[in-house]
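Each chain carries a letter (A, B and C) given by its place in the written order, and its residues are counted from 1.
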């Protein structure tokens, strides 16, 4: 009898032990939750997240939502101090809003040195004592894409196109309204898209948006007017009448099926456009130099780098693992893999020289200058709203309700009103 | 058919065909989208005849897509949330509507205005407080966390709709029944309620569709465990544009339960009242 | 008898309490939050300082150009849509009330547009109405020639397209309501009127419409409430554009709440919407309900 009860107790104790260890083990498997935007960017970043999970034994939940929902879910979580999601994915313009809720990053200096400076700077608080709260992971510049064969047939030498005026003249030559061939295309159906093009034009005409201490907008000037007029001419005269409803899908399609023969494109999106087996395959090229305004005094245009960065939620319960993940996805190897396998736009300068990347994306050499010479978009907590106001005025100018100068004046006064609120 | 009736019948036919066409053609277009390959969707001129493919449905059920938000779980969530909401809401609303529509207590209009007023709140206004409160009491990402506000949003609707129907029933039926020996509640339950069946059916269809398709609340209040179909379907809006094929597939799958429910409820909708309720 | 009346009153109220209590318990907190928030200048993120401004948000909204414009756009949109829906709905319901073969099928089919989420419907119509590759333009060009294709979501037709899709989606609701009401008309009443020798038109005006009054009223109040707050359709179909031509109030509200995160300001806008809808509903009730309340025993 006694032996049996001893055995039973032993068995029970062993079971308990095993259960405890298993439970503890299950509990200590770390978990990371993050949101990415559905689409090319999301798929690319998610692949990294899942790879990280496998390599490091971490339970990774990378959820995909439309970009506005990602923003909302993150803002709701951060503002009510929730620890989920652990990783905060940010479009560059979200950084001023979210930086206060992010954990400061303390990576070694050597880690930061690899990044393209303008991109790294996007996730750093401004000023001399600025601190790093995020790292870029998928950022590109804006490039001008064109159909080489169509241009050649029209007798245009693309490499001679230096100014926006040159570009516009070329666009006029190749636009054929009867055949529905348009000399200009871009995405327009979100305020951010419209303003992205406008910002690039403003920069290329040498016009700043804000004053030095970011308290007022100062773009209603003759230079600003030239840039804005060019924006309106390109949009209203060279693009399809439905252009204001165009999103990036429509832009990609138009370039692919030949209804558009020139346009501005986010560099990371090039691979989505140039797919094999299409009428346009292999014929779409990129202008190596971003155009500048004719009388601007500039030698090269200035586009805007933009894209995605990642930060760590200040209230996360898994900060160490989160930091490990950032280190992983910002590492040279992973960025190279992302660039080659998922056509990610790399954020590390060195990758542009990698043979495997150049082989995978031959036009990348033309994109390099756009990345390195580009500047960040304006960083202001109220930028979303200012963008909205500028976009409405620009749209009204495109449909003819306002002239360029009226639109510019209204945009500036609306923006200043918002800043003053 | 008599010759005299031909023009009438022809008229009926033409108008019916027109109505059905206007309603059904866009819906057919959606279903066609779900069966088209990506190339066919974007083809110009648009393809009316094409080789159907199940690739869109396959992508919804693929293991890759099902890892975080499995289709079956999400579908079940939608069913559970919608039915629970419907059950509770219609019960509470019928009783309230009966009283307001027939018993007409004092203070009827102020109560009506209160109830209507509570419905006028746009869901957007309550998202932020609900998010904060639900997180604090652990209802974030739960089915109950959705059912509770859904019922609250639905009661005013249903009460208002049902009131009109209860009112339209000939008066004094309860009194006749009471004279015949029923209790007042039995009169309500056994006589008035069946007569209000078309109204209740109509209201349930409407309620069902609102809860089934609601997106504003589930999006912020759920994550992966309690997500509903509209949340899953919203994933077709990618950065590079809308995945039309998948949209078609989601739409087709989402409309099925609704159609089934409607056909079921329509039985009551179509039944007349000439069931000899009042034998004057 | 006083006692009897009080007993009746208590009995009647007992039916109402469950629904009423549920509503108050569940909605009280969020509504109180929203009301209090509307008195503050407060952003959810960004400039998160909270500043008490009392009626400041409400006053600001009247000076906010985009908000005021969106009000006008909403009014235009609502008025036209509802007129179309009520008229069409009424006549179609009458038609479906007739007895003919296949009647039942049409009645069920007509309910279909109500069953899909507005987002999906909006996306589908967006594809159909697409200027460059939508099937509508294709069919128009085939039937009417080259010039027939239009930019349906552009500056000239955006509002019309919006009204059209809205009516497509919601006329079935009106049909449903009125049809159910028509079905409830006791056959005896109709038989009686037939015996009396009333003409069709007389029957329509003197029996049917008054009988349907409660149902018509409900449909009207509902459609107005929903049309005023209609968000998913304009947001997805046109995003309020182009150039804010279809920027209805709830789109502007959503933008203030979830693009700019002005919690205080958007709460105030919500309450303005509630107030306006409430006033309109009360007006409807007063105008269409006869003095029947006073006369009823």
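Heads up, the rule we're going with is that a residue touches a chain if its C-beta (ideal position, glycine included) is under 8 Å from a C-beta of that chain, and two chains touch if they have at least 3 such contacts.
None of the values given here were measured: they were computed from a predicted structure.
Participant: Measuring between mean CA coordinates, which chain is farthest from chain C?
Facilitator: A
Participant: Once every inter-chain C-beta contact is counted, which two chains account for the most?
Facilitator: Comparing chain pairs, contacts are most numerous for B-C.
Participant: Using CA atom averages as chain centres, what separation in Å is found between chain A and chain C?
Facilitator: 39
Participant: Give, as an integer number of Å, the spacing between the C-alpha centres of chain C and chain B.
Facilitator: Each chain reduced to its C-alpha mean, chain B and chain C end up 15 Å apart.
Participant: For chain B, write out the residues touching at least two other chains, lowest number first.
Facilitator: In chain B, the residues touching two or more other chains are 42, 44, 128, 234, 236, 242.
Participant: What residues in chain C touch two or more of the other chains?
Facilitator: Counting only residues that touch two or more other chains, chain C contributes 44, 132-133, 258.
Participant: Can you list every residue of chain A that touches 2 or more other chains, as numbers and ranges?
Facilitator: Residue numbers touching two or more other chains: 72, 76, 250, 253.
Participant: Would you pull the chain B residues touching chain C in the complex into a rising list?
Facilitator: Counting only chain B, the residues touching chain C are 9, 12, 15-16, 19-20, 22-24, 26-27, 29-30, 33, 42, 44-46, 92-93, 95-96, 98-101, 103-106, 108-109, 111, 113-122, 124-126, 128-130, 133, 148-149, 151-152, 155-157, 159-161, 163-165, 167-170, 184, 195, 198-199, 201-202, 205-206, 209, 212-213, 215-216, 230, 233-234, 236, 242, 244, 247, 250-251, 254-255, 258-259, 262-263, 266, 269-274, 277-278, 280.
Participant: Please output the residues of chain C touching chain B within their complex, sorted ascending.
Facilitator: Counting only chain C, the residues touching chain B are 8-9, 11-16, 18-20, 22-23, 26-27, 29-31, 33-34, 44, 92, 95, 98, 100, 102, 104-121, 123-125, 127-128, 132-133, 135, 138, 168, 172-173, 176-177, 179-181, 183-188, 211, 214-215, 217-218, 221-222, 225, 229, 231-232, 250, 253-254, 257-258, 263, 266-267, 270-271, 273-274, 277-278, 281-282, 285, 293, 296.
Participant: Spell out the part of chain A that touches chain C in their complex, as residue ranges.
Facilitator: 68, 72, 75-76, 78-79, 96-98, 101, 180, 189-190, 240-242, 244-245, 250, 253-254, 259, 381-382, 384-385, 388, 392, 395-396, 398-399, 401
Participant: Spell out the residues on chain C that touch chain A in their complex, using ranges where they run on.
Facilitator: Where chain C meets chain A, its residues are 44-48, 66, 130-133, 151, 153-155, 239, 241-244, 255, 258-261.
Participant: Which positions of chain A touch chain B when the two form their complex?
Facilitator: Touch residues, chain A against chain B: 33, 37-42, 61-67, 69, 72-73, 76, 80, 82, 84, 247-250, 252-253, 257, 269, 272.
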